[in-house]
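Naming follows writing order (A, B, C and D), and every chain is counted from residue 1.
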Amino acid sequence: MPEIGQIPDAMRDAVDAAKRRVAELHAELPRWGLVAWTAGNVSERVSGEGEHPDVLVIKPSGVSYDDLDPDAMVVCDLNGELIEGGRSPSSDTAAHAYVYRHMPDVHGVVHTHSTYATAWAARGEEIPCVLTMMGDEFGGPIPVGPFAVIGDDSIGQGIVETLRDHRSTAVLMQNHGPFTIGATGRAAVKTAVLLEEVAKTVHVTRQLGEPIPIPQEKIDSLYRRYQTVYGQR
Amino acid sequence: MPEIGQIPDAMRDAVDAAKRRVAELHAELPRWGLVAWTAGNVSERVSGEGEHPDVLVIKPSGVSYDDLDPDAMVVCDLNGELIEGGRSPSSDTAAHAYVYRHMPDVHGVVHTHSTYATAWAARGEEIPCVLTMMGDEFGGPIPVGPFAVIGDDSIGQGIVETLRDHRSTAVLMQNHGPFTIGATGRAAVKTAVLLEEVAKTVHVTRQLGEPIPIPQEKIDSLYRRYQTVYGQR
Amino acid sequence: MPEIGQIPDAMRDAVDAAKRRVAELHAELPRWGLVAWTAGNVSERVSGEGEHPDVLVIKPSGVSYDDLDPDAMVVCDLNGELIEGGRSPSSDTAAHAYVYRHMPDVHGVVHTHSTYATAWAARGEEIPCVLTMMGDEFGGPIPVGPFAVIGDDSIGQGIVETLRDHRSTAVLMQNHGPFTIGATGRAAVKTAVLLEEVAKTVHVTRQLGEPIPIPQEKIDSLYRRYQTVYGQR
Amino acid sequence: MPEIGQIPDAMRDAVDAAKRRVAELHAELPRWGLVAWTAGNVSERVSGEGEHPDVLVIKPSGVSYDDLDPDAMVVCDLNGELIEGGRSPSSDTAAHAYVYRHMPDVHGVVHTHSTYATAWAARGEEIPCVLTMMGDEFGGPIPVGPFAVIGDDSIGQGIVETLRDHRSTAVLMQNHGPFTIGATGRAAVKTAVLLEEVAKTVHVTRQLGEPIPIPQEKIDSLYRRYQTVYGQR
């Protein structure tokens, strides 16, 4: 196990920049109503330099969103062991670390218990793709991952196995809540925000009847277009 | 296609004033809970001077609501081609432009995916006029427009064909979300806010039973009165 | 009709104090989520001095909640005619004025279209008293008033006839929305806030089953106690 | 009954620190959407020194959340009688005091009428444990306490009898609302926030079907782990 303080010099700037971004991104979770009290977390991968392996930056466990400045963030290796930081890492760190170990393109992971996404998860029901915004962002339904409890790799495994061959960058872990992944921490946070929005909108839709399905080829075309064209180049 | 920077001198002040208003009006969308992340946009028409044609001012694509100052706004011609601005226009610009080309009295357009309005849209169901506030503002039910995907003029056509002979200044594009129009950008934003409010209130009403209908002649009288008397002269 | 500027000297301080209070109380409406855009209003009665009759202070029509400072408030006589102010009074002024003319103990009136209260109103269904907080505050169910449209005294009459012999200080005007009354403007605003809270809580209760009734004698005892004991003496 | 001002010198610092904490904790109630107007309260026990008995610090009755500074807080003995403070204590003080008298490990009590928790209470229905977050925090379902009205010890008794042999630190008092307890005021506030979150999530879950049950042994393991491992040591 690495000792505290072992961040290599070559990675110091990148780690400090990630701490600033991760601290800032945590503020987006209460802002968009995704978390109650301290129940949610954002992490970012920092790529290793030379012989040094990748690390991840995440929020400490059980700490108020008011107290999240960059220096409070903790750094762990990709087995979830603490490398730097005055507090214990989030109790979900093992799941984040597992995702980074097994999905090399993922550089950001977010976990929340956002209300509507968690409600679909508690019924073990995927969210059908009945909104153009879902076609754009997720390219199809939001899948459900297995029931798994904290304490070993089963949450991380469930996330990776569900998302590996799926367009969706969000998974609803059964009876638990959503995890989202992205090419950056910011992208994973954006996905968490849009996931809750579509989870709520489709819920509200179905409260008074059935949504009109969108044909698969339209979903495909929305998804392809959005992944190529949207946003600033 | 016009080159960047071709705003005629005679229109410069009007364009700059529109940029300030449009930037400010975007802040109303998160304030009233109409948008998640960057998913919504407001535009205004600026009338042409002399030989110069009308242009429109809109937000750039995929940019955070925190970063919207007047200088970030972009200017397009009424075919949706960029005239001025450092970033790509919103991916919904073609729909806004189509509306301005075909509805000369419209000077403001707003598009959101606000939750309750979008839920009605996902069921393809119009919102019945069962509130006096709906009689005042919309003069009847809120209609549903066709399913159409981004990429050509079909969204703009759907909006114009649905609203052209309708009292309502709001349309629910099927599986997509609402578009609202107005004599100003501010009026279109107001309509977007009130639309979501009535979409939610009628939804909540119907969750526990059926609303009492309002007789058509009462709706007519509310609408006529409100269009003539309300607000400051 | 009184000319603009006819506030008697003896009433000037009381009118100015009421303008400050009414401006401040309007800020409570968006704060507690009771209004969308400008759709809500608060008024206060100012008692006449000597030969001078009572007047009322209310917000002008169609003005943003950001622009509500004391000087923007308008003063009307109890027939709803403008006495002082640079803008037209709220279009609901006639209803407020009717209440003041017929209920001499009422010194504050509030009107909103708050979502859940309006949903009960749209079904024409009273809110049953199944919460101790409702027993405390309202002493029984929240009654429904008749359908009435703006333009004559029918809204005011509906409010007064419904509330005159009722413990409740709130009425749900059918297809329209709630009006609340109080011994002060602040009391009427408090009632509007608590009304929406109980309207939502009982709605949510009934979405998954039936509430347990509270026996009438318990409601009576809650109501008597609360009206005598609660708050600061 | 102690006279006003009888806080022993040996307890002065502890009482003043509790006043600061309790004032600050009240601000969490509107922040997390748990209260309308003034309808909620937080208290803390201050342990007695030497011969002096324990006291409790609580908010005064019917006072706005804007006016809650530490000096406004009142101190009562564990029979709920005022010891120090310029205003009457909260009308729920007797219930808080009863809990402190009968549950010596409890140092914080919170009462709200938060919407979703109160809706379960109005149906007299416990919240089933179908979320891992509920397993963590509550170790099982949230129980319902008896119907009881203010005025004697029956509310306090109902809380204590329901929670004494229960893992849950929250009780839904029938037709009334939730009370939560904790080892500190902050812990009881955290529980009130998470209670409303799970009350809402399970409500939303059941609106469209049935949640998947979590096996009892998994709940046990979540609860044991969370009570031992979570947060900072």
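In this text, contacts are C-beta pairs under 8 Å (C-beta built on N, C-alpha and C of every residue); 3 or more make two chains touch, one makes a residue touch a chain.
Going by UniProt, the chains are A, B, C, D = L-ribulose-5-phosphate 4-epimerase.
Computed from a predicted structure; not experimentally measured.
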Note = A correct list of chains touching both subunit A and subunit B reads none
Note = Maximum distance between Cα centroids and subunit A occurs for chain C
Interface numbering overlap (same over half, different under half) for subunit A and subunit D = different
Task = Let me have the rounded angstrom distance from the C-alpha centre of subunit B over to the C-alpha centre of subunit D, please.
result = 46
Task = Could you please state the distance in Å, as a whole number, between where the Cα atoms of subunit C are centred and where those of subunit D are centred?
result = 32
Remark   = Residue ranges of subunit B touching at least 2 other chains are 207
Ask   = Which of line, ring, star, complete or other matches the graph of chains that touch?
value = ring
Interchain pairs in contact, sorted by label = A-B, A-D, B-C, C-D
Query = In the complex formed with subunit A, which residues of subunit D make contact?
reply = 32, 130-133, 190, 193-194, 196-197, 200-202, 204-205, 207-212, 214, 218, 221-222, 225, 229-233
Task = Would you pull the subunit D residues touching subunit C in the complex into a rising list?
result = 36-37, 39, 60-63, 87-88, 91, 113, 115-116, 118-119, 122-125, 147, 149-151, 174-177, 203, 206-207
